[in-house]
Structures are given as C-alpha cells and as structure tokens.
Amino acid sequence: MTRNSIAFWTGSTVFLVAVFVMTQVVGNQYPFFAGYVILQFIALAVAWSILGGYAGYVNFGTSAFFGVGVYAAVFLVKAFGAPLPLQILAGAAIGALMGFALGLLTLRMQGIFFSIATIALTIIIETTITNWRYVGGAAGIQIQRPAVTAPFDNYVQMLFFVQALLVVLAVAISRYIQNSWIGRGLQALRDDELAAECTGVPTLRLKLLACVISGALMCAVGAPAAMYLQYADPASAFNLNYSVTTLAMSLIGGTAHWSGPIIGAILLGTTQQLLTVTISSEVNVLVLGLMLVLFVVGAPEGIIGLIRKLRGDRKEGEV
Amino acid sequence: MALSLAINDLDADYGAVKALRGASLRVEAGETVALLGTNGNGKSTLMKCIAGLVRPQRGAISLTIDGAAHDLSRLSTEDIVELGVAMVPEGRRLFPRLTVLENLMLGAFRKAARRSIDRNLAIVFEAFPVLKERQAQLAGTMSGGQQQMLAIGRALMSSPRLLLVDEPSVGLSPLLVSQTITKIGELNQNLGLTVLMAEQNFNQAIRIASRGYIIVHGEIVVAAASVDELRGNDIVKRLYLGGAT
Amino acid sequence: MTLSDTRSPLLRISSLTKRFGGFTALHDVSVDIRPGERFGLIGPNGSGKTTLINCISGAFRTEPGTVLFRDEDIALLQPHVRTRRGIARSFQIPRPFRSMTVAENLMVALDFAAHEHVSAAQRRDSMMSILDQMGLGPKANVSATQLSQVELRKMELARAMATHPKLLISDEAMAGLSSSEVDEVLDLLLSLASRDITIIMIEHIMQAVMRFSERVMCLDAGRIIAIGSPSEVMADQRVQEAYLGT
Amino acid sequence: MFSFDLLLDAVVIGVLLGCFYGAVSLGLSVSFGLLDVPHVAHPAFLVLASYAVYFLNEHYAVDPLVAGLLITPVFFLLGLVAYRLYYETFEKRGSDAAVRGIAFFFGVAFIIEVLIILQFGVDQRSVTADYIGRAWRLGDIRIPYRLLVAFAVATALTVLLTLYLSRTFMGRAIRAVAQDQEALRLMGANPIKIKQWAFGIATAVLGIAGALLIIVAPVDPTLDRAYIGRTFCVVVMAGLGSMGGTLVAAIILGVAETIVLTMFGASWAPAISFAMLLGVLAVRPQGLFGRRS
Amino acid sequence: ATPLGAKLVRAQQTPIRIGMSMPQTGGLAGGGKASLLGIEIWRDDVNAKGGLLGGRKIELVVYDDKSSASETPAIYSKLIDVDKVDLLFAPYATVPTAPIMPMVKQRGLLLMGNFSFQVNSKVGHDMWFNNAPWGPADSWATSFLDIGQRAGGKSMALLAADQEFAQNLAKTAREVAAKRNLPMVFDQAYPPNTVEFSSIIRALKAAKPDIVYIASYPPDSAGILRAVNEIGIGDNVKVFGGGMVGLQFGAVMENMGSLLNGVVNYNTWLPEKSMYFEGTKEFFDKYTKRAVEAKIDPLGYYLAPFGYASGQLIAQAINAVGSLEQKALAKYLRENTHKTIVGPIAFSPDGERKETAVLQAQFRGVVDKNMEQFRSSGKQVILFPENLKSGELIAPFEAARK
C-alpha cells in the first residue's frame, strides 16, 4: 500500500467510526435527517462522476437510477418484507443491469446524444413505474419500517450510518478507478474514442464498465431512501432535481479528482439543507441558481481546480 | 496596385514559449517570397501574426496599400482580411460539416469579394476541377489532399491581394505538389497576387519564389535576395539538400 | 524477391471493397504483406490509402472482402483487439488525447496494448526511450495541446510504437518535415524494421518512399494500379501519369 | 376497439402538435444544434416569452401573436446579452465549456423561474384571442384554430430559417462557426459576433414560440422543466442543426404521442415517444438528419 | 413591576409556536401559498386579540418543501427536534404529507392536516385531523354520480391525470361505478405534462358516455376544457366534470371565462348564501387585500378559509383544554363539533370529516375576462350537499353551456 492509500483508508475508518459514535451519542434527530440527505448526495455525485467525469459521458439520468433504487426497495419490502441490506444489494444489482442496458443501448452515441438518451430513459422508466399498480402507481405508496436493528436505537440513525458506508464504498471505488488503468482508459476515450480504440483501449467495454459501476452505486444509494421517506411516488422519486443537483455538485467540486464531487456535494448539499430551514421560499431556488452560475463561472475547473491553481501558484512562487 | 508588407523586429510568444524574436522581413507588390525553416521554428507563428491571429509582444507589421499604411499588429483578423489579406492555414482548417461549395462561399464572406463570386468560383474550379465534381460533398469527408485544394480555393474566393500560404504541399501527392505550386505561381503571375509562402519542399518552393528567408528558433537568420543565394546557403544545404536525391 | 517469401503473409487482404454511399473508395483490393516487410503505399490524393488503413485498423467496417492477420480473419474484430494483436497505426490528421501530457498519451498505449507484463518502472523506461527516439523527450511532460503540428505527428507515431506492434502503419507521418527531419524519422522506421516489425508507410515524399520501401503499391481511384519494387513502380507508366506527373 | 376516424384524427392533430413542438424547438436547433451552446435554459426563456406575451395581452389587449412579434426585438437583444455573458464566462476561457455550460444554464433557468414567480406569482396564466377555444370543422374532424396557428408559425419559421442559413453569408457563417472559429476569422468574419448574432436570432425566434406556447396551453413559471426533455429530444433526434429536420422530427414525435394517446393507453404516451427517440439514436447515433464526418 | 410580575409577563410572552412546511415552489405552490395566507390571517387575528392561553402569541415556523415528498422528513425533524415547536400543521396536499405520517405517529404528535386525501388510511394515526371537507373516501364520486344518474346518466367515462391525487379519485370512482353497475365506457389516465387534449377528448367523445368524470390537475384542467369546447363532447353527455383541480383558482377561472359554463365540478367554498358562517365575510375582506400584495389567488375560496379553519380548530381545542398537551387536544378535537368560518366541523375516528362537505357546483352564466363576477352568488350553483344546495342541475351538458 502506498502512503496515499494508507492515509485514505485511515481517513475512511476515522470517518465511519465518527459517524457510528455520533449515532450512539447524539440524541437530537435532525442532524441524522439532514445528514442523511447530504451523504446521499455525496454518494450520488461520486457515482455520477465515474461516468460523467472520468469518461466524459454526461448522465442526465441520475434520477432514473435513484428512482429505480427506491422502487426496487419498495417492491422487495412489499413482496417479501426484505431487510435493508437485501434492498440495497438488490438495488445495486438492478442498477448494474440498468447501467449495462444503458451502456449497450447507447454504445454508439457520443457527447450530448448520450445525455439526451439518458433523459429519454428516465422518462420511460418513470412512466413504467407510474403504470405499475403493484408498487402504488402514480398514487404513490406508503411503507412501514420494520423494527430497528441493534446497536442502533432509531431507524434514521441506522440509515445515516448505512449511507455513510455507501459513501465510503463509492469513494473507494472511484478512487481506485482514477488511479488504475481503468481511469486512464476512460480519460483516453473521453478525449478521442477512435484514437483510444486504435491505441488498444477497449472503449466499449470500459464504457460499459463505467455505466455498470456508476449505475449500481446510484441505485444502491436510492434503495434506502424508501425506508427514509417511508413513502414513494414516481414524481418525487424520479425528480429532475436529483439529476441537476448531482451534476451541479460534481461540476462545482471538479471532476478531475475523486475528491471533487465530495467537496461539491458537501458544499451544495449543506447549503441546500441550510436554505431549506432558513430562507425557505422561492428565494431558495434563486440562491441555488446563483450558486450554480457563480461557481461554474468563478471556478471553471471546480473547487478542486481552484485549490490546485492556488497551490500551483504558490509552488511556482517558491521556486 | 501598390502593396507591400514590412515586418520589423517582431517578438511573439505563447506563454513561456518564445516563438519569434526580432523577426523582420519584407514582401513587395507582386513578389512570391518563400519562408523556410524546419518545424517548430516559428513560420506559422509569423503567418498568424500577419493575419492577426496571434498578437505580437513587440514590433510592427505594416501593410502599405496604395500609399496608405496599416499597422496590422493593431487590427483584428476581420479587418486584416477586409484589407485583402487571405491565409491558407496550416492543417487546412476547413468547415468539415459544410459542403465543398459552402466552404468556398464562406471564403467570399468579405464584402469586397461578394461581388466577384462567380469569377472567383470559375478560377477555383478551373484550378482544382475535383472541387467542382465534389461541390456537394462534406468537406470533412474529402481526402487529405482534396482538403488542401479546397483550403487554397477558399482563400482565393476572397479576392485577396496578399496571399499567405502555410505549407501548401503538406500531404499532397508529388503530382499535386507541383501542380499546386505551379497554380500559386500562376495566381501570382495572372492575378498579380502577392504571395508569402511557408514551405518545406525547398525544390518546389524555389520554382516560384523569387527570394526567401530562413527562420531558425524564431529568428530570421538568412534573408536571401535571390534563389541562387538561397541554394548556396549552408543551412539550406544541410537541411534541404542533404539527403535528397 | 526476398527470403521472407517462404513464410505465410503477415497480412492478407483479399477482395476488399469499401463504399461511402454511392461512392466506391476501394475497389476489390487484394494484397499480401510479408512479415518484416517494408511496404510503401502511394497514390494520388483521395485514392483510398487512408481508407485502406482504416479498414485494416478497424475504424471502418468492410463489406465484401477479408482481412487476415497472422492467418486469422480480423475483419469483424474491434479496433482495440486488432491493436492488441499487433496492428498499430498513426493518424494522418493527429488525434492526441488532449487532456493528457505527451508521456501520458504513451502510457495509455503501454497500459492497454503492450502484451508482456512489465513493471511500472520498465514501462516508464520504455516510454522515455520511445520519446527520445522521436526527439520528443524534452516535451514528455508538456500537454498535448501545446505541440506544434509536426510534433503532434511525431507523437502519433510514438504512441503507435508504444503499443509494441507487429505491424505499424504510418499515415503520412513525415508530411511537413524538412528533409533532414524526414531522414531522422526514416532512420527510426528503418531501425524498427530491423527489429522485425512490419511497416506500411504512406507518404507523398518520394525520396522517403524510395529509400524506405522494399515494395511499393500505388492506388488510384480505389484500385491497385501498380505493385512491385520501388523502381518498377516509379517507372510504371500509369503511376507516372496518375501520381508523379513527371 | 379500432376506429379509422380516430386514427385519422390522431394523425392530423399529431402533425399539428408536432409543428408546435417544432416551433418551440427551432431556437434550440440554432443555439444548441449549430452553436453547440448547451442551452438548457432555452425552455425557461420560452416561458419567459410566454409571460411577456401574457402581460401584453392582459394589460393592453394585444393579440398574442402580435405580442409575440412585438417582443422578438427585445428577445433578440436579450439573446445578444445572454450570449455575451456565456462567451465572457465560458467560451473565452476554453476547455469543457459544454458540460459546465449545462450547469450554468440550469442556474440561469432557476433564476428566470424565480423572477417570473416574483413578478407574476405561481398561478398559471393564459391569453385570450378569437382563435383560442374554437375549432375549424373539416368534415368529421374538428381542428382547433390554436393548432392551425402553430402549424402556420412553425412552417413559416422553418422556411425562413432554412433560407437564411443556407442562402445568406451570415447564415453560412453561423453554420460554420461551431466547426472552426479561427478559420472563420480568416474568412473575415468575427466568430464571436456571428455567434452572438445567431444566439440573438435563436432567442428572437423564442419570442414567437413563447406566444405559441401560451396560445396552445396555459403556462406556469416552472413549465420549462417539462420542455427540457421534449425540445432537446426533438433537436437531437433531428440531428443537430437542421431546421427542416427539426420540424420533421417534431412532427414524428407529435404524431407518435397523439396516436398512443388516443389509440393505446394514454398513460404510456411519454414512454412510447421517448422509446422511439432512443430507438432512433441507437440505430442512427447522429440523429435522423445528422451529418457527421 | 414586581419580580413575580416580570416572570408572568415573560411567560405570557413565550409564543405558541406552530411549525409546518408548505409548498412555495414547485407544482403545489399555488395552493400552498393561498393556504398559508389563510393560516397567517388566523394568526394575526388571534394575536390581535391577545393570543391564546392568557396572552401567548402565535408564531408560525414555516419552511418550503418544494412540493416534494423527499424534503419533508428533514423539515419536520428540524421542527420537532431543533425548533421544538409546540404544534404541527401538515403541508398542503398528500404527497409532502405522506412521509411524515409515520413519524408523527411514532412520536405521538398531533398533526393538523391540510387538504391531503386519505393519507391516514394505512397509517391509522389517531391524532390526525384533516381540515379538508372530503369526508369518507368515496363520497366525492358518490355525489357526482348521484347527480349524473339522477339526470338520466346510464354510462360513464373516466379521465384522470396519472398523478397521485387524481388516481386516488379515479380509484374510488371505479369502485362506486362498479357497485352501481354503471358501465364504464372509457377509462384513461393521461400523463403529466400533456400539452394537447384534443385527441383524448375526441376518443372520449367516440365512447358516447352519459356521465364524464374528470380528475385533472391545474395545468391540465384548462387544456381539457378548451379541447371540449373545440372538439365538442356529444349531446348525450348529461354531466361533465367532478374532480377537476384548478377550476377553483381565480386566475384560471378568469381565463376560462364562458368555457366554464355547464361544468359540474367539486369545490370547497363558494360565495353562496348558504356558505357564510360567523367570520367568513371578515376573513375574505382581509384575504382579498393581502392576496393582491402577495400575488396569490385573488379569490382564494378553495384553500385559504380552510387554512384559517385549521387555526380555529386548534385554537378552540387549546382554549378548551387550557394547555398544549397534545393528547388532550386530540381528544377534544375528536369528540366535539367545532365552529369555523367554513361551517361546523366534526371528525370521524380516522381524522377525516364525519360527513362530506365537498360541494358539487355547476358553472352558470359566466362571461369572459371578468374576475369580479365570481365574487357574486349564482355563478356556481351548489347542487350538493343537500343542506347547502342553491339551485338545480341543468342537463344535458350542452344545454347548460348556452
């Protein structure tokens, strides 16, 4: 293991331990409710970047994957009363399949064509779920949480911890990809697919792989949302906001490094949570709009890029 | 029509890369001047400075037309083109998703050229018949050499007075190289076009050039007043005539 | 004729045809390339040279016709599989990975196409030696977007070499070089050939074609009009008319 | 239960509805299809135009179509300003403009939504005119005049834009500008000005399209979100930048949607039309009329 | 003042905090804002009179839930755990309310509902009270079909938006129709964001129904009515309407104008004589003034008085119980009938109204481009319920449109 890896895994462990301790000592529920949403967006943004950042395939269909995760859980709960881990695993499996299908379907599409295809996919899936009466159809469905498992004494605290695990998993995968041949291959195909092919990069397979991993993660992240909300309806589960926010977080953070989406998600996610309980009116949307505009204008390479530039400048200054 | 181009003590750089240092040269009306130099020495940069695509850090580029002097280093590319300067850029730079004809028509964007579209089109089609045949083909699907012809044709469409040609022979078959160079020579003769041409193919270049400059590391190291003087130059011997049969 | 005749051909193209809409860019082209051969491909602009390369490297699908590489039909294989089997090409109009440095461009090739399992350090060495051979050593850590046209062409060739090919196809890598530089690149290709790498070279620079090729093929309007030793081909009446114009 | 009458009716209405989709997508076909500006705020501008038309209709009783024409100069200017902003902040700095542009324009769309809410409130708005709410009888078929207006406007716009883009110097320059800006400079055209001009035209077209939007159906401040998918699908299905193609693609979408709506389960309509789009893209990744080199 | 006095004043000054989320952006914002204004007017009225519990003022803590179900859990957790509000009101509509039902039940909190539909049916929380006049789930369909059948309707068509609320209405309508053996000749769900309804209406017309029951959302209602006017619906249709959301909003009504005539649609409050109770008129005087400033529905019949009524309900309970003890408040609300500006309210065990008070009213004599006309009686004649009835149905539909 390199020094970097040791630092990363130590950091992750410390993070998880801190989250766990928090669930055991903090009594106030609100931090878990709000924190869950932020963690959920971190995981989504990181998962999105695997395809959207490294491979440059801008996916507008985050909400499709997220929503399918939600409904996978809803179905399993309704049909078999499946436990949470199973819901998440099933979500991941379905997400992987969906990513695979998306990948196959869009094999030959590039750039914005791919993005539009993901919008189309979202609408198709949302319509399908809307017409699926078993999981409530358009009317939505209320679901009951089972009893919480020890050592947690509150379901939302448990969900918070589970989501933290998913975040670490997503980040670890994303980081591995960036540092491995997969990442270099994705970057090459982002620059020029034909040239990548002719340099030996199996572009189709790598794209599929990125679709599958990204899709599996996004669906897995969606699955626990069913238990978090105890309610699901297509309009909320497939809300365009998931797609826009995830994209915005990744871009605001910067897609050049695995930590970019995390920074973006923490920043934007926290701001949104804060705005919801402070300004809380249409001005809220205005602030989001302004933030998007200002950040993409002010930090073209994302916050990561900004940091790099500052550091780079200082280094140059030192020399 | 009196026209002359004078470049004085030009510096240009790309950030840390110095591409031109104190370059000076002159082109007089009706001349064909060759600009020689191995790759990366600043030929294209010099051309781009004249066309206003690169802003020099220092020095003057003055184009005198009928007694009126224009400082090109202060003008935008559009204004420079308006003055009658056309450039065939390195790497052709066609509009790949427009047809051949549409590319040519864009060449005539400049106001002064719109009046003489028919005449110019005839000149171009006469010079490069394949362009006439392939009028409706997308430029991006033409072969490399065909694209080079189109690039020259497009520049001619603007009724230029000064033609800047950056490596016209690159990628052309030997037959076409000589044809193209001959064509440029003819344009110079028949239309009274003034030509500044960057070219690697020394033997071809001197067929139509009356004199030339050699640029090394951004500096004009040789200003030869005649073709013979060029041929006799050591650098030329080493770079261009060495291995050639 | 050389010894290598006795071996089976490295690349066997038979009855290859390629159409774009109603336009036929390649017409029933058949040719064998022998292992270790230095093969020159010439022809007027638009005669189908690059198209042929695209068919060999897999960028285009061919309709009728077969392409055998080392006795295997590769016509249906994806380009990267062909690259891994040993077919590398440079692009006539350079296609660098723009977000990467020159070194990283080569690393992609080493990561994905080089067959032997070698350590990271060995890869770096191999990369640097290729860059040095191409005279791109000083530019290793420069972004690909900052190269001049000719440097880009060199990098094209370097990246193709980094895939450790058995067959290297160079599409006008020397266009725009001065004759001394042409000689440099030529020496490089010759030294590669001496290491048993088969090379197809497309070039319009006759002195290079003559010096390099063991065999030359001339295409015109998608058909082979001459094939043989360089001097034979150059002397061919049709080649002179269609191509050389002398 | 199959009825030929219904099918015929569905096709007729579908064609007209398609024309409407075409009209609201044409601007995008220029700004996104030709200029490569990822203008996800296009539908927000569209809704903004509808509100401007509503304002003129409500307070000065201006006919909505006339109002649409009246606001085009304003929208043209708005387009000039918007592009300038986009240029200064993105294109000028180069790399990755497309992806970040998406985020930027989402931001702009949100801001527009909120400004509309602050000015007009959240209630839906509509306009009145003689041709709204009445229909033309054609045998058994009744065709709402609203849709006939959409048909007329869409065809007129398509023809005008097509002619402009292929017959004029400016038009050709607009089509060339996204392909190679520097080369266009060498033609004596300032690519920034060309793009700005083109964006102005794209936005001006939105003025009339916005009038259509509110003529065909009422609008509310967040209606733009429903049109992001539709307009981009039309433009992409057409294959970026072909005006005639845009209209044809829109008509295909309109007919498919209407047929599904009347003949099969209405609730499946969006799935079917977007599945069709996916199908088209999977077979022809460059879109129906796309030209890719 | 004495120290004791100071303490007393401070206790009096601690406000009673009522927390809620309210859709202020997104699809439900129109209703949410009107509803909130109703509640705010109540707050101001109470505070002007010196507050509750001996001088404690009412303070509202309101967050925007963006019309989305995913926002409300965190918001209500904030309200409960951080803001520590004394009482909870639900957001407007079912979707944002649904996720918080299990939460308030688990914590044993009283929740004053706001126009959601059957949101408590599965959860079964006994401290839930809905301010809306819906009553039993099927009463909506029952009343409309009663009117239709009495007018001679023998078959029915159902057109519903493929969205939450409309689908719930459609479901009960199907059940009621099946019970009555009323043939369903057309049953379609149209997708959200449908632009053009001509072809759907054409298909509906081809089915030749007598009763047309529409469950639509605000953006669509206007489109459907326009299409009906353009395409025609056939002479056999006796009644048309039922569950069209949107035709209660001033802006929509003004714009639809004469197209509204003949439509029989549900409503919650109308300016008919039978609808005025103590305080109703005063409320609307205040509302009208404030709505204009806030750019909210100028009529505000549909939701605003019920927002006000929510406050009245809770105020009466607090006054009666004399504390904020939630169980006691719930018990009081459940067991008594309460006077409000929308009439007397009594709850059944599931927290919905004991009896439905959903109006079915027919638009009559509406002219174009006139908001004020809707303020006078007679423009919407109440056909149901019997005790509020202000006129008779005109049928068939085509006749009523003249």
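Order of writing sets the labels: A, B, C, D and E. Residues in every chain begin at 1.
One rule holds in what follows: contacts are C-beta pairs under 8 Å (C-beta built on N, C-alpha and C of every residue); 3 or more make two chains touch, one makes a residue touch a chain.
Computed from a prediction, not measured in an experiment: that's the story for all the values here.
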item: Subunit D reached from subunit C - shortest hop count over touching chains; value: 2
item: Intersection of contact partners for subunit B and subunit E; value: D
item: Chain nearest the overall Cα centroid; value: D
item: Identity of the chain that, by mean CA position, is farthest from subunit C; value: E
item: Distance between the centres, which are taken as Cα means, of subunit E and subunit D, whole angstrom; value: 36
item: Centre-of-Cα separation between subunit B and subunit A, whole angstrom; value: 53
item: Gap in Å, rounded to a whole number, between the CA centres of subunit D and subunit A; value: 31
item: Residues of subunit C whose C-beta touches two or more other chains; value: none
item: Multi-partner residues of subunit D (at least 2 other chains); value: 117, 265, 267-268, 270
item: Interface hub residues of subunit B, defined as touching at least two other chains; value: 141
item: Chain-to-chain touches, reported pairwise for every pair that qualifies; value: A-C, A-D, A-E, B-C, B-D, D-E
item: Contacting residues of subunit D [partner subunit A, same complex]; value: 32, 38, 89-90, 93, 95-96, 98-104, 106-111, 113-114, 117-118, 225, 228-229, 232-233, 236, 265, 267-268, 270-271, 274-275, 277-278, 281-282, 285-287
item: Subunit A-touching residues of subunit E, taken from the complex the two chains share; value: 24-25, 29, 62-64, 66, 68-71, 73-75, 77-78, 80-82, 94-95, 98-99, 101-103, 119, 122-123, 161-164, 166-168, 171, 189, 191-192
item: Subunit E-touching residues of subunit A, taken from the complex the two chains share; value: 28-30, 32-34, 36-37, 127, 130-131, 137-140, 142, 144-145, 156, 225, 228-233, 235-236, 239, 241, 273, 276-277, 280-282, 284-285
item: Residue numbers on subunit A that touch subunit C, as the complex places them; value: 181, 184-185, 187-188, 190-192, 194-204
item: In the complex with subunit B, residue positions of subunit D that touch it; value: 169, 172-173, 175-176, 179-180, 182-190, 291-293
